[in-house]
Every structure is written in C-alpha cells, then in structure tokens.
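The chains carry the letters A, B, C, D and E, assigned in the order they are written, with residues numbered from 1 in each.
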Amino acid sequence: MDMNGGPRIVGFLCNWCSYAGADMAGTSRMSYPPNIRIIRVPCSGRVDPLLVVKSFQQGADGVLVAGCHPGDCHYTEGNYYARRRFALLRPLLDFVGIEQERLRLEWVSASEGRKFSRAVASFQEELERLGPRGHRG
Amino acid sequence: MVEEVRDKARELLSAGTVECVIGYERATDGITARPLFAYSPEEADRFILDRTCVHNLARYLLDRKGKPTAVVVKPCDSRTINLLVHENQIERDKVFAIGVTCPGVVEAHWGETTEGLQSRCGSCPLEVPVVYDHLITVPGERQPRTGFPELEKLEAMSPQERLEFWQQQFQRCIRCYACRQVCPGCYCPICFVDQLDPMWVGIKIAPPENQVWHLIRAFHLAGRCIECGECQRVCPVNIPLMLLNQKLTAEVEGMFDFRPGLDAETLPPFATFRKEELEAER
Amino acid sequence: MVKVGVFLCHCGRNISEVVDVPRVAEAVRHLPGVTYVDENKYMCSEPGQAAIRQAITEHGLTRVVVASCSPRMHEITFRRAAAQAGLNPYLVEMANLREHCSWVHADDHEAATLKAIELVKKAVARISYNEPLTPQPIPMTRRALVIGGGIAGIQAALDIAAAGHQVTLVERESTIGGRMAQLDKTFPTLDCSSCILTPKMVEVAQNPNIELLTYSEVESVSGFVGSFEVQIRKRATLVDHVKCTGCGICWEKCPEKVPSEFDLARGKRSSIYIPFPQAVPVKPVVDQVHCRYIKYQEFEASGAEGKKPPQCRICEKLCPPQALAWDQEDEAVTEKFGAIVVATGYDPFDPTVYGEFGYGQYPDVITGLELERLLSASGPTEGHVLRPSDGTPPKTVVFLSCIGSRDEERGKAYCSQICCMYMAKHAIVLKEHDPEVQSYIFYIDNRAVGKGYEEFSRRAQEDAGAVYLRGRVAKVFPQDGKLVVMGEDSLIGRQVEIAADMVVLAAAVVPSRGADEVARMLNISYDSDHFLVEAHPKLRPVETHTDGVFLAGACVSPCDVPQSVSRGSAAAAKTLALLSKETLVGEPTTAVVDALRCSGCQLCLEVCPFNAISTQVVAGRTVASVNEGLCKGCGLCSAVCRPAAIGVKGSTHKQLLAEVASLWT
Amino acid sequence: MTKQVAYFPGCALEGSAREYDVSTRRVFAALGVELLEVPDWVCCGASSTHGRGQEVALALPAHALRAASQMGLPLMSPCAMCYSRFKLASLELAHPEARARTEAALGQDIGELPSVLHPLQVLDEIAPQATVPLDIKVASYYGCLLVRPPAAGFDDQENPTIMDRIVAGWGAQPVSWAFKTECCGAGMALARPDMVARLSRRVLEQARQAGAEVVVVACPMCQANLDLYTGEKDTPVLYITQLIGLALGLSPRELMLGRHLINPLPLLRAKGLVNHG
Amino acid sequence: MSRFLSLDGLLAWLDGLLKEGTVVVAPTLVEGVSLYQPVPAAAEIDLDGGATVLSPKEWLFPQSHTLFTVERRDGAAELKEGTFDGRAVLFGLHPCDALGVHLMDVPFLAEPADASYRERRERTALVGLSCTRCRPECFCTSMGTAPDDPAHLDVMLTPVEGGYAVAAASEKGEALLASAVLEEKAVPLPEPPVPDRLPTEDLPRVFRALFGHAYWGRVADRCIHCNICSYVCPTCYCFDVRDYSRGNTAERVQSWESCQAPGFARIAGGYEPRPSKAAKMRQRFAHKFLYFPEAFDGPLSCTGCGRCVRSCPVNIDIREIIGDLQRIGVSSVGSGEKQD
C-alpha cells in the first residue's frame, strides 16, 4: 500500500519520555496522521542502526527515533549516544540515495503530546514532499 | 631497502624475538606481490618490497593473537595496530612493527598492475607509519594529496542518481565477503550478516539484502576504518566500497575531528559524547 | 509452537466507537500462532481479567496479547492476571489501541481500524519471541551505612536499629550531633536543642545495633544495592578510646588553647579536646596541627636548628588510664552494606562576599549560627549574649535576612527555608535573656509555613516586640561605637537607619563541604548548587537514581529540624524495606551477553552508564559480562554491539526485528 | 603592563578638574606610560547627554572608541563619568545590531573595540617607586561610577579595595571605612545643594571617624562635591594622581595642589610631604 | 568441407532465438566486469571476451533462488514452486566451462536428482566457443579437456576468419541450429593453443598421503577465508537453504555457500568441524582431488579454468599447490610432520 494512506513511518520511541509523550497526545486527543507504527524501546540509545536500515528495507518511507531531551535521559546519557549515532547514519543513508530527511531524531518529553503530534504531522508532510522511496527493499 | 627488511627479519627470527615475520613475496604471476609468513631466517630471503605490496598485513595479527609476531606495515596499515590495540584484540608488546614509509602503492591484481597509484592514496594523511618498532625509509616522492575526488563526484549527484548508482553496484555483489574477510576491523566471531537467529539479512543474495549488508558493513566501520583500501581491492566484481568508507571517514572527521588508528588512546566517536553538540545535525 | 491468545478491549466506547473491533478480531484470527481471540468491553475490569485467566487455562495459551490502552497504564495489571493463571508475566504484550490509535484517529475510522489490525499483528509477531523472565535474586547484606551524624543521620540510624538491623554511622567530626548540637533553642517550641538532642546521641552510643565511627570518613564505594563495599578511614585520635574514661583532665589541663570550630571561633578549646561537653563519644582527640608535643616531634624530625618547642605531654602525664597513643595511625576498614543513607547536612554561606555588611570587618556583625553559640549556656559566653567587640550586652540587635539566599547575583537563587523562623526565635530568646533588647528584622518576605510557625513569628512581633522592616539593607557602618544599619523600609518607601549594638546576618544554607565527593563515590547526581538530587522531587523524594542509596536531611535542600527528622525516618523506612528481605528481586529486563558472538572489543564497557559491564574469560577468549545487579536495561550496550552479542531481555533483537518485519504485511 | 594608552581627558579635566589632568599626565610620564591624546575628541556622552536616547548615548562615545581602535591602543579616561560611559558603550556595541545602528549614525566603521581603562587599573599594575614616604592616613573614596553598574566596574561593587591597595603600595595608610561607594550627590549640586551637602558631609564625617587625614578620589565630580561641602572640619580631598605625584617628589605647583578649596598644603607640610611651596 | 556461420549470421541466429522467447545467457560486460547474464539482444554479448569472472554455473545453479513459497490464507496454506519452464541457450562456453557443467551434472543429476537443477539443465542448450588463445592461469589440458574439445557441448563454434566454424555435437544442438543460416565451405581451423601442464598423476593418492602435512598450515597462513574461490569456481556446488517468513507468507531460499566461509558447517552450540585455517583450506582442495574422485569414481573436480587463481586476493594458486604437493609427495610421502 505504497503512498496511499500516507507515507509509512516507523517510530522508535523511548519508554520513559517519548512513548509517554505519544500517550499524552492520545489522552489529549491531539490527532496526527495514522500511518505511523510505534515501537517501544527502553531508550533512544537502544536503537541499533540495523533496526533503522531494516525498517527502510521493509518498506518504510521514514524512520522517527524519539527520546528524552538532552539531560533528561532516564539513563542519564542514552540520548547523547543516539544523537551521535544518527548524526552519522543520516549522511550515509543520503549517500546511497535514501534522503537523510527520511531519518528523524526528535526530543519529546512525557508532557509534550502536542510536540509529538506536530512532529508526526510535519514528518508526514516532509515525506510527502520527498515522494515514495525510489527503491523499496 | 629490501635488504633492510630481510636483515631485520633474519635478526628477529634468529634472536627468537618473534616466531614469525609477515612480509611480502613475489606472487606466482611474477609481477604482483603476496603475503609471506617467514618462520626461519632462510625464508627471509624471499621478502620483497615495492609499490605492488598492497596488502594490509597487519590484519593477519588477528590470526596470531598472543604469538610474538613481526609485521611489515605501511603508514595506512600501521593504523591497524592502534585500532586493534584500542579494541583489545591484540597486545602491543606481542607485535614488532617493521614500519616502511610509503610514497603510495599501485593497483595490483593477479597478472596486471597499473602505473598510477591507487586513488585512496590521495586521501592518505600519512607518509610515515603512526606506530613502528623499526622504521625503513622507502625513497620516492609521495603523490600530492587529492582528497576524495570520487566522493565529491557522487555527492554532487541528486539522491535519485546516487540511488541508481549504488543499486547498479550492489546488485552485482555476490556476497563472497572478501571485503569483510580482508578487513582488519571485521573480526566479529559471527558477523551479523551470518547470524540466523535473528536473521538480519539471511543468505539470500539479492539487491535489498545486499544493500543492508553494505550499509551496515560500512556503518560498523564508521570511526574505525583505517583506509587501507583492501575491501575495494579484493572485490571480485569491482564494487567501489571505499567510497562508502570514505564518506563516513569524512563525516566523522568533520563532526568529531577524529581519524581512527592515529593513536590507541583517543575514544572513538561512538564510545563518548559531548553534551553540547550536534543539535543542528539532528 | 506458541499458542497466542489475543484479547481485544473496547474500553467502553473509547476504542470501539472508532475502531471496528470485530473486524480486527477477524483479521488477526489466523495470524501464525494465534489460537484464541476474544473481545471485552473492559479488559482491565475483573471480568475482563478473569476471561484472560480462564482462556489461559482452558486453551493452554502460552502467550497473551492484550489490545487495549497504553502499557504504561495497564501492563502490570495484565501481567499480574497472567501470573495468577500460572503464565510467566513477561509472556504478555500489549497493543496500544487507545492512546496511539482510537484517541488520535477519531476522524478516520477506516484508517484507525487498519492501524489497529497492524498494531495487533505487530504485538503478535513480537510476542512469539518473548521469553519467560524471572528476576535475578540479589543477596541482601542486612546492614546499613549512614553517612553523617547530624540529626537526620542520627534519626535514620536509630530507626534502622530499632527495627533490629545492624547500622554503621560514620561521622567526620569527633562527635555526632551536627548543626543541631550548635543550636541553643529550636523553633517553634523553644525546647533547648541539646536537651532534646543529647538523649538521642547517647542512645546512638548505647544501641547495640549501631556501630558508631566518629572522626572517620568514607573513602570509596563499590558494588551495588544489597552489597556495597565501602572503605572507611578512621582518622588517628592519638587517644586509645578503649582505655580512655573521658574523665576530662587532659582537656582541662592542656595548655595549648586554640579557637574552637564548634563555637565558630567565638570561643577556645584545648588542642586535646572534645568539641562540647555533651559530645558523643565523650572521648577526646588530639588536634595534630596545634598539639605542642606533635610540633616538637616534627621539629626533631626536621632536624632544624634553633630553639626547640616545649615537649609538653602534660595530658600524657596526667591521664589516669594512660590512654595517650602517640603512635596511633589512620586505619582503613572495608565493610559490606545492603543500603546507604546519605545525611551530609549543610554549612552556612560565607557572608564576606557582601562587603557592605562588613562581616569579618566589624566584630559585632555575626551570623545567626554564631548568635546561637553566644546564646548557648555551653557556649563561649555561657549563654550571656555579649558583643564580641567590647563584651557589653547588646540592647539593639538588627537582623538581616536572605544573606546569600534569593540572590542570583552574589549568592544562591533558592530560599534557605529556616532563616525567617530562627530570626523570630532569636528575637524572642534575646528578649527573654534581656527585656531591654530591641530587635529589628529586615526581611524580604516573612516565610512562616509550617505547623505553628506563623503563630510563632507573630509572637516575635507581638510578645517580643520585634520590629519587622520589609526591605533590603544597603550598608552597615560603624559610627560612635555603634553599627549604623542603613536600609529601606519598602512598605513606607523610606530610608531607615538604625544604630545597632549588634548585627546578625541570616546566612544562607549551602551543602556541606565534600557532599559532592560523596555523591561521586555513590554515582548519584547533584545540582548546580551541589545539593544531592532525588530520584523524583515529588514522588521519590528520598530515593536516588542509584538503587539502595537514600537521602536524608539538608543534603537534599535546606530544611529545619522537624523536616530533617522526618527525612531521616523516611530514608530509614526505605532502607528497612530493603533490609527486611533476604534477597532482592530486581527487574529481570537486564542485558545478557552471548559469549560465542562477543568479539571482546569492549565498546559496551565504555558506553554503559552504570558501570555494569566487565570482562571475563570464556573458553580462552576475553568477553563482556553483565552485572545484573547494576544493569538497568537501557540497552546502550546492545545498540553499539556490532555482532549483536549483547541484548536486553524484554527488548531483544529478535523482538524488535520481529516488530519491524511485521509492518505492512 | 601597558606602555602606551589612548588618553581621553574629557570636559571636566579641561576645566574644573585641570589639576586631575595635569597630575595624571605628570605621574604617568614619570612612570613611563605614554598618554597619546585622542585626536579631536568630542563629548563622551556622559552626564545628562546619554539620557537623550540610545543613538546619541552610543554615537558620542563611539567616536573616541573608534579613534583608540585606530591607534590600536586601550582607551583610558581619568574622569569616572567618561570611563563609565566608554565602558558601558563598548559593552553595548558588542551587540551587532547596536553596533550597526551606531556605525550608521557615525557614518564610519568602529573597528575592533579597544579595551577601556581607568588610571586606577593601570596604576594597580605598576610597581610603586616612592621617593617621598607618604606617612599619612588616607580614606580612598570611589564614589559610584567606578564600581557600578557591576558590568562596568572593575572591583567589588560594595567594598572595593583597588585604591587602598595602590595608596598602601605608595606608602600611605588606607583606613577601613564603610562609605567608599556612597553617593556624593553628584550632578545635583546645583539643583539640590541641600541634599548634596548632606550626602557629602556624611561621607567626609565617616572618613574622619575612620581616622583619615586626607580623602583620595578618582572622579572630578566627587572631588568637587567633597571639596565644597566639607562640613565643620577641613579634610583635604586629593586626586589619587596628586597623592602619588607627591610620593614621586613632584612639587605642589606641578600637581596644582593650589586649586583646591580646602588647602591641603598646611597638612602636607606638617606631614613633611612637601618641603617648599 | 565444414559448416560456416558468419558473424552477422550468428547474431541473427541468436536474436531469432531471443525473439521466440529463448533465454540467451552469455558473457556480457558490466562495469568492466565480464559476467554470464541473460542478454536482451545478441549485440550485448561480449564475443571475444576471455574467461568470465563467474562461471556459467550461475545459470544452472543460481547464486540464490526460491525453491518455493507458501502463503497462508484463512488458516489454509498454498504452495507455489519456483520453476523454470522456458528454453535457454547458454552461449559462449569454453571447453573448460563445458567440463564444468558436466562436473555439476555428476552430483546434481545423480539420483535422486536435484529437481530445479535438472529442470534448468534439460531446458538449456550449451553453445561452446573453442579457445584461440590461453591465459597464463589456464591448465585445462591437465584436467582432461582441451581448448578445442567439444565434449559435453550441444554446439561447438570455432572462431575463424569472418565468422565461426560450426560443429553440432548433439541432437539438441542440431535442432537449435535449424534456425541458423549456415554455409558449407572449407574453413581451415586454427591451431589450438597449448596451456601449461601440471603433474596430476594419481593426485588422490598424494592428497591422501599428505592429508595431515604441515604444508596446509603454511599455505593457509595467508588465506583470508573469503568465498571468492568457491563462487568463481565452475565446479563448487555447496549451498545452504533457509526459510524466510513474513506475515502470512514464507519462502524457501537456496543460496551458494562456501567451505571457506567462517562458520561453514558450524552446528548448534557453536561446534566447528574444521576450526583451523589449515583444515578449511585443505577441505577445498581435498574435495576436488580426493573426496570427489572417490565419491564419483574418477573425475577430478577441477576444470583448469584458472578463475580461482585470477581472483584470489592473496594468490593462493591451485597450480602451485598441486606442484608443491607432488614435490613433497615424491620426497616424503606420508612422512610429512602431522599438522592437525
């Protein structure tokens, strides 16, 4: 079901801040595009580049990794490592033709339901602008 | 200078300083080189040293953990030693590094060699090994630095063009894993790509699988590739693998001012972080 | 082959009015592994849970997927339900059809239903890789360490001991008692501080469950909750405390008098001394900086020329039990503890940064704590308040509040909490001491929040006639033998000047020196003001991010005696909850290493925030090994492990990969 | 240590406070610091001028700042008001937009902002070389502008010590007192003489109580007010440069000691700080 | 007199075959790499290219292919086999590669035959091209074929002035030639070139004798254990089979595998039957010169094409190894010090 129903987004959300932030968006009824699939992980620092690359291979148009704001990591440092990891993965993806805009790292706290829903919406727009991925896994 | 290698080897072997000296000898085509493992002073007579000595012999230290070994290293190869020491794979004091200065090496495949140097030599930051126990100076002008010309060519393309370029490359891949086997940074007991549980990639040899393999292979070398270029040299179907490594090398140097293997102490990019950094790159 | 039961919740109409639940049920009925599908109006209700339990037993389910609300809401509920039916609780997964679906896609029922189907598929795909997890039991050393012998530490130690557990109380000074011991009276009841404190101090000394280590400091801490290895340095007192009877001859006769730290240099002590009469233990220590005999020995050792200092040793000559032990040396002891209470207390802020108030320049400008010593019967003036300059009793006393508090410019941003009340107390007590005393109190806001506090500060104004002036003081300067306090009464908008005999500065409360080192040893964090940080400011106020380490008293934030005591008891309660167990059960979701896959590169050691990873040799290869006691299951190690050799239980590579692979199928 | 500075005398030192200008030039010459006067300098923008709005408040001082910058030297002005204005202006000009607006108004680039100095800061770095022992009790009076606002000041805003340190270095005995930074009444001398009188007298009273024989100042306004409203007893008020001049053996005439309302010479003679005159 | 096919005639013939839906698999140049690939038009064929990097086994025994897929619908499973039901021409085989195909037939067609191999094999005709020159790494004559040997081929073409001398070697070949425009004329055949000859006398016995010889350790020293030699080899036929499942569909995939690969034949619990480099290395040659001949009485499992020699990154040279072993064997059969 390529682009109809909107671009496919895989969201890796840290359990402590961002997953709770997504819950907050729910409890506050802040709607956002339905075509995101959220995978709960202990920490944004847990997200292995392999999972991102596999997501693209499985046909994702975009991958969102969300974690606690810098300094707020439940495990004190996880998000800093994540930040470095994806800062390097993005240009590599871009280099092989997967536009780096397709991999997003967002800081979403447990109280930022609004920020989460906006992030998904704007990511969706971005991906629509980019169109379907040239080569899908 | 060839004699210097032979003499040093004889000396180390007869003194029993090391059990084995790894150097180069002439290959069966009579024009290229191949690795030689000398265990006795006599064998040392077969050592050669010239611009066809392309192999990164330091990689073999992984096969000789704990055994006192001497190895001939060019500047690029020498970075291997720092990398492997830092990553706790080898003990520095078990290694005797015979460093050779390097004016660059040629493209050499069985039965054929080029006049010009390998392109990767253009981006090599070194002329003298970063680590050695004995240094041999090889005469010859080092070629001027060219940076990463092919890299820039590709970066100038549109994402779509790059996509097509790499699909063309990856679909040729036969997954012989020579690139991995020859790489000094690829020493995992069971490579993720060979793992069946979970099956990250699996055995299927097809473009999507090949792409995952090549992306992760490159990423696993981010901040670790010591630019010996062996992966590209050994590829039987001429995939320009160094482009992927060079891309990451450039990014890592840009973001973290780090170039792997120049010393054995500095923490690599993924082992550390700075609180104030990279918010822009997000 | 797993047998998965899928339980779909309508959540009243919260889910079902958007998501076509029966359609979801149909769509997932034939997924690999799914052998049972059920719907319920409220899965979390007792009937709902009963349905799950029943299905597990009747259909022999080996996995349970509950598609309802957020796992953060009810994961525990459903895990418990499964456990009751004999299924390992970690074989339960949830699909979040409410917060992540029906509530956010209310405008598009079709899309929401399709998404719901995929969310359930995802959970089913994941769950076949769930493994039964049982928490690793951590052996509990049923013994606690309390760092700091102030009132908070004392209270914690007593409560822990009262519950019948062993506790070691470590105090840096030669006596326990801390700041409270320096106080004259306590607000708002005005009980004599030492009268209520001393009995507790004595109880500490006498309680068989309490090991008291004074004149000692914690040097290093390793290990984790249940078994902390702590190295404690007992500093040499040069007095054999076993022999010593505390008769007091030595400190009476010692000729070398030096300023007393306890009296904040307002009084003197001998160089072999106990800080104050009610000290516990009542055993003296030799001050090695000032002792004449030590000086003599050092001179001898140096081999310098010239006149030798006197040998002295009067204490030794006069000591009946011959307890002097000149060759005594520091002693390092290492002990094991199950839990640690940190009660390092506070220091007063140094007011000299406020040049305009002339503290240190004019002898009659003193701090509140110094006034306490002057008021104290055991203080340098035996409770007669006299001006340090000329020894005359002050008649006009002016108090300056917030010296270092609520001042980001030159002090601290925070409110020190206790000052308003002790200024009121001082006004009242001074009046009691001498009816002629007139107190003026310059305040910014009079903060009297606490039981009986407001009444108390009224009492200061109405009974003790203290004049409260709202405003900051610009300057204190001497004039004709008095201290002129120049300030503003912001309520009438006028400059006021008061010729005072004595000026008392309510210096801010700051964490005591060295608290940050203790924090580093325990791997707990402190804020920019170096106060130690709680696990949660509201809901976990005495816990820290390091399991088994608790906080008590003013090391967390400024607080008064009653608060310190309750914090001490709270920390004790938390400690006892641990010590009451033979073994601890931590979360089982920790990292595990597959030694066959581990390359031994040790990158995981670098990134682990909890130092939970070390190395071990397996079949001749050095590989990583996880200490489950320290591991918190964050998975940083897992993400940097190239051969995927280290994984986190409950968030394994297989589980996450299965979720990814299930998408859009 | 600075060997050359761009020197900005300012209006006061051209008129009422000429002795401050002269003594400053003499002392610094003697100490081997070359004062290069800012070419055709204009008003620094102090006193009431800068009240007219930010543009003029920055454009006026910017003129001298630019000059100093072109000379490649730090800008030094003995007048506390000028100093303060320059310092504050240079802080504000650090902000690009303020700078842009000012350069537009000026029609010139300001260039790299010079550091702004007060003579006290320079003197503080020079090793004293007294030839005449200054056996005299001194109250150093800083007034408001040398230390406030904190951003512009170069010492503790409530209890500054730099001047005490300097005079002590030159052999005098600074007294410890509390009114170092109290207001002298400043520009209100004409509008509210009564208030200025009260404030200034009080400052002098405090100095006397602390046992001071002379008060040293580093601000023309302070000098004028204290000198004028001296109260019942006469306490000479000298510029710090005059005091140091004495220590260097300069004559009262060279230091224009005669210009003060309270004649310091009797005391100074008594103290043996001047022999002829 | 023999049959002659002009160059244009050849192209027309192949394009004709393509038109009627026959798959033509022939050497083509991809980014400078010569590979056997199905071609869209005869013009794409790299006619005078020497030996390809990969051997033609790629077509009969693909790197990877799906044996079957299963789809699950409403509880019921539906199975689809991956079949080849077309016709194919494998064009441009040199005699060594023809021998290679034959050596693949031996294990794959021996009952019980490998269904998918047999299917492709039967539906594929082999059109050969005799060699006009040898490369330094060639040694086909040592392995029982020759530059002009038509054995195992359906059609044999010999390059001559302006075209090819054509010889049909089988009925399949004759049938295939039906659509070719052939001329009858006398064409002098060129002298076939002569490659190096290796001492292959009773290799199996020598291998058996030197099985535990330290020599293996020494050769293996420089081996990096990649899969190149096995993958370029026309006779290596090891493969692995795995199931891929995703949602309601599953797929059984067969892919090449190499005895040189780390973890080859590793079994549950991590046990490796051939842990040492030496044992791995020996395995490949022992298979070719000892196990295979013993298992299928006779033929050595090598064609002398020299691809492994050319592609090996560290110059492990099968010719050198045979030479060395013979030398050692002669000097000290059996007496080699035990190595593992």
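Here is the rule we use: a residue touches a chain if its C-beta (ideal position, glycine included) is under 8 Å from a C-beta of that chain, and two chains touch if they have at least 3 such contacts.
Note that this is a predicted model, so its numbers are computed, not measured.
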Smallest count of steps, each to a touching chain, taking chain B to chain D: 2
Furthest chain, CA centroid comparison against chain E: D
Pair of chains joined by more contacts [C-beta pairs], A-B or C-E: A-B
Chain with minimal offset from the mean of all protein Cα atoms: A
Chain whose mean Cα position lies farthest from chain B: D
Between chain A and chain E, centroid-to-centroid distance (C-alpha), Å: 47
Chain B and chain E: spacing of chain centres that average the CA atoms, whole Å: 31
Chain centre separation (chain B, chain C; CA means) in Å: 52
Geometric centre distance via CA averages, chain C-chain A, whole Å: 37
Shared-contact residues (touching 2 or more other chains) in chain B: 190-192, 200, 270
In chain C, residues with contacts to at least two other chains: 596, 607, 640, 644, 653, 657, 661
Multi-partner residues of chain A (each touching 2 or more other chains): 49-50, 54, 77, 81, 85
Every chain pair meeting the contact rule: A-B, A-C, B-C, B-E, C-D, C-E
Complex contact set, residues of chain A against chain B: 49-50, 53-54, 57, 70-71, 77, 80-81, 83-99, 104-106, 134-135, 137
Touching residues on chain C, where the partner in the complex is chain E: 30-32, 121, 596, 661-662, 665
Interfacial residue positions of chain D with respect to chain C in the complex: 150, 156, 158-160, 176-179, 182, 206, 209
Contacting residues of chain E [partner chain C, same complex]: 72-75, 245-249, 270
Touching residues on chain B, where the partner in the complex is chain A: 154-155, 159-167, 192, 200, 207-208, 211-212, 214-216, 218-219, 222-223, 244, 247-248, 251-252, 255-256, 269-270, 273-275, 277-279, 281-282
